[in-house]
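Structures incoming, each one as structure tokens.
What follows is a pair of complexes built around chain A, which joins chain B in one and chain C in the other.
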Partner chain A sequence: MEIVEIIKVVVAGIICWLNFVLIDTYFGLPEKPGVLGAKTIGEKIRDIGGNIHGGYFMGNIVCSPDASAGTLLASIMSYLMGVEGGIIAALLVWIGNRLCADPGYAGTIGALTITAIIYLLSPIIEAKYFIAGMVLAIFTIQGFEHKYASILLGKIAKKMNRGE
Partner chain B sequence: MDIVEIIIGVIALLMAIRIFLTRSRARKLLYLCCLSFCISALIALYVDSPMGGIVAITYFVCSTLSSNAIAYTIEQAKDIE
Partner chain C sequence: MGDIAILYLTSLIISLIVALILKLPLIPKEKPVRFSFQTSIIFPTPILALGIEAIFRNLFGNYIVLAVFAGLFGALLSKYSDKLFGEP
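And now, the complex of A and B:
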């Protein structure tokens, strides 16, 4: 049984990863640092040999609740309350975005799309696995190897015409 | 203990160790962000009620706000130096 659960976590992680990376890139996180702090982090990533646009992406995630935070918080609330919870999470993420001086489209839309995905997949993968999946997804970007993560994010940004 | 909680807990411990081992202050913030994700997920899984979800969201948004402030201060300190 443990193997099945681990496979569910990994599949949920891949879905979360695609959800937040694609939405964040679409809304232009790699293009420019939204706040001054994100610029520092982007330049630090460039200094260790990474991609500056990938660095801005990672800096923006740290400095404001974007689609990554929306994905995590919407899966938490979907696990605890169902679909209504996902919508409440989207509202709270939007408030958090406004506090951080961010337009707030990426976080809200990320929360709403993951709520829809969890609702559609609920017979196969429960919301609980999406929480662990999202932690796994953010670990591959922010916690594993900054240099290669930023190069990968930079390549995705280039492919979607965001940055350079 | 659930397999989901074990996975999140192991990642949280790993991040805590890496925060201590990293020299650069800006890169510490990246690991700290990942740690906040883990803590917020664990709060929701342990408390397991709608109020727990609200607490997890409040914790996460506040931790992002303080990371924002710290990163801004690092940039300002660089100018002074």
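And now, the complex of A and C:
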């Protein structure tokens, strides 16, 4: 029984990881730092041997609610209220985005897509596994190893024509 | 369930009509769109209207009048977001 739960958390984590990395990269997070803080983080990561575009990506994640915040908030709200909660999360993420000088495409689209994914997968993987999965997914980017995470993000950005 | 769908549809349609009356563009005119702060009919107007409707419905109940107001507020928030949040 516990093994099944762990597998569900890992699968949900992989889905969340793909959801937020692909959407953030598509909407141009690696291309340029939105605010000064993101630029500082990007340059810091380049100084420790990472990729500057991956660094901008990680800085933008920290400095404004992007698809990673949207994925986490929509998972929590879906757990609490179902699909309606996901829509409320998208609204609140957009307001947060505008407060942080960000146009808000990545965050709201990420919240809406994960709401749809959770709704479609709800008979197999419940929303609570997506909350745990998203915490794991963001840990692999922001907590585990900054240098190699930024190099991986830089490679994905290059593949998707976002940043050199 | 059908009831809820009608409420959401109402707020969605009202928001699109009000956005048209307020002369919001269909998509942002600035290119590339992914860096544009200009609000438009397809983004974020419908998301704001549906989000406000979801909040109203859960706070006050299933009333079609609230759905109409949610659509109106969604379009107004979209139109005047620069005034509210400051010019980027």
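Structural remarks
Simple rule for what comes next: the second predicted complex is superposed on the first by the 164 of 164 C-alpha atoms of A that agree within 3 Å, B and C clash if a C-alpha of one lies under 4 Å from a C-alpha of the other, contacts with A are read in each partner's own complex, and residues count from 1 in each chain.
By our rule, contacts are C-beta pairs under 8 Å (C-beta built on N, C-alpha and C of every residue); 3 or more make two chains touch, one makes a residue touch a chain.
On a predicted model such as this, the values are computed, not experimentally measured, just so you know.
Of the two partner chains, chain C is the only one touched by A:108; chain B is not. In the superposition on chain A, contact of A:28 is made with chain C only, not with chain B. Of the two partner chains placed by superposition, only chain B is touched by A:9; chain C is not. Counting the residues of chain A touched by each of chain B and chain C gives the higher count for B.
In the superposition on chain A, contact is made by A:81 with both chain B and chain C. Of the two partner chains placed around the shared chain by superposition, neither chain B nor chain C is touched by A:49.
Shared contact residues on chain A (touching chain B in one structure, chain C in the other): 81, 85, 92, 99.
Of all the residues in chain B, the ones that touch chain A in their complex are 3-4, 7-8, 11, 14-15, 18, 24, 26-27, 29-34, 37-38, 40-41, 44-45, 48-50, 52-54, 56-57, 60-61, 64-65, 67-72, 74-76, 78. Of all residues in chain A, those touching chain B in their complex are 2, 5-6, 9, 35-41, 44, 48, 58-59, 61-65, 68-69, 72-73, 76-77, 79-81, 85, 89, 92-93, 95-96, 99-100, 128-129, 131-132, 134-136, 138-139, 142-143, 146.
In the complex of the two chains, the chain A residues touching chain C come out as 26-28, 32, 81, 84-85, 87-88, 90-92, 94, 98-99, 101, 103-105, 108, 112.
Within the complex, the chain C residues that touch chain A are 32-37, 43-44, 47-48, 50-52, 54-55, 57-58, 81, 84-85, 88.
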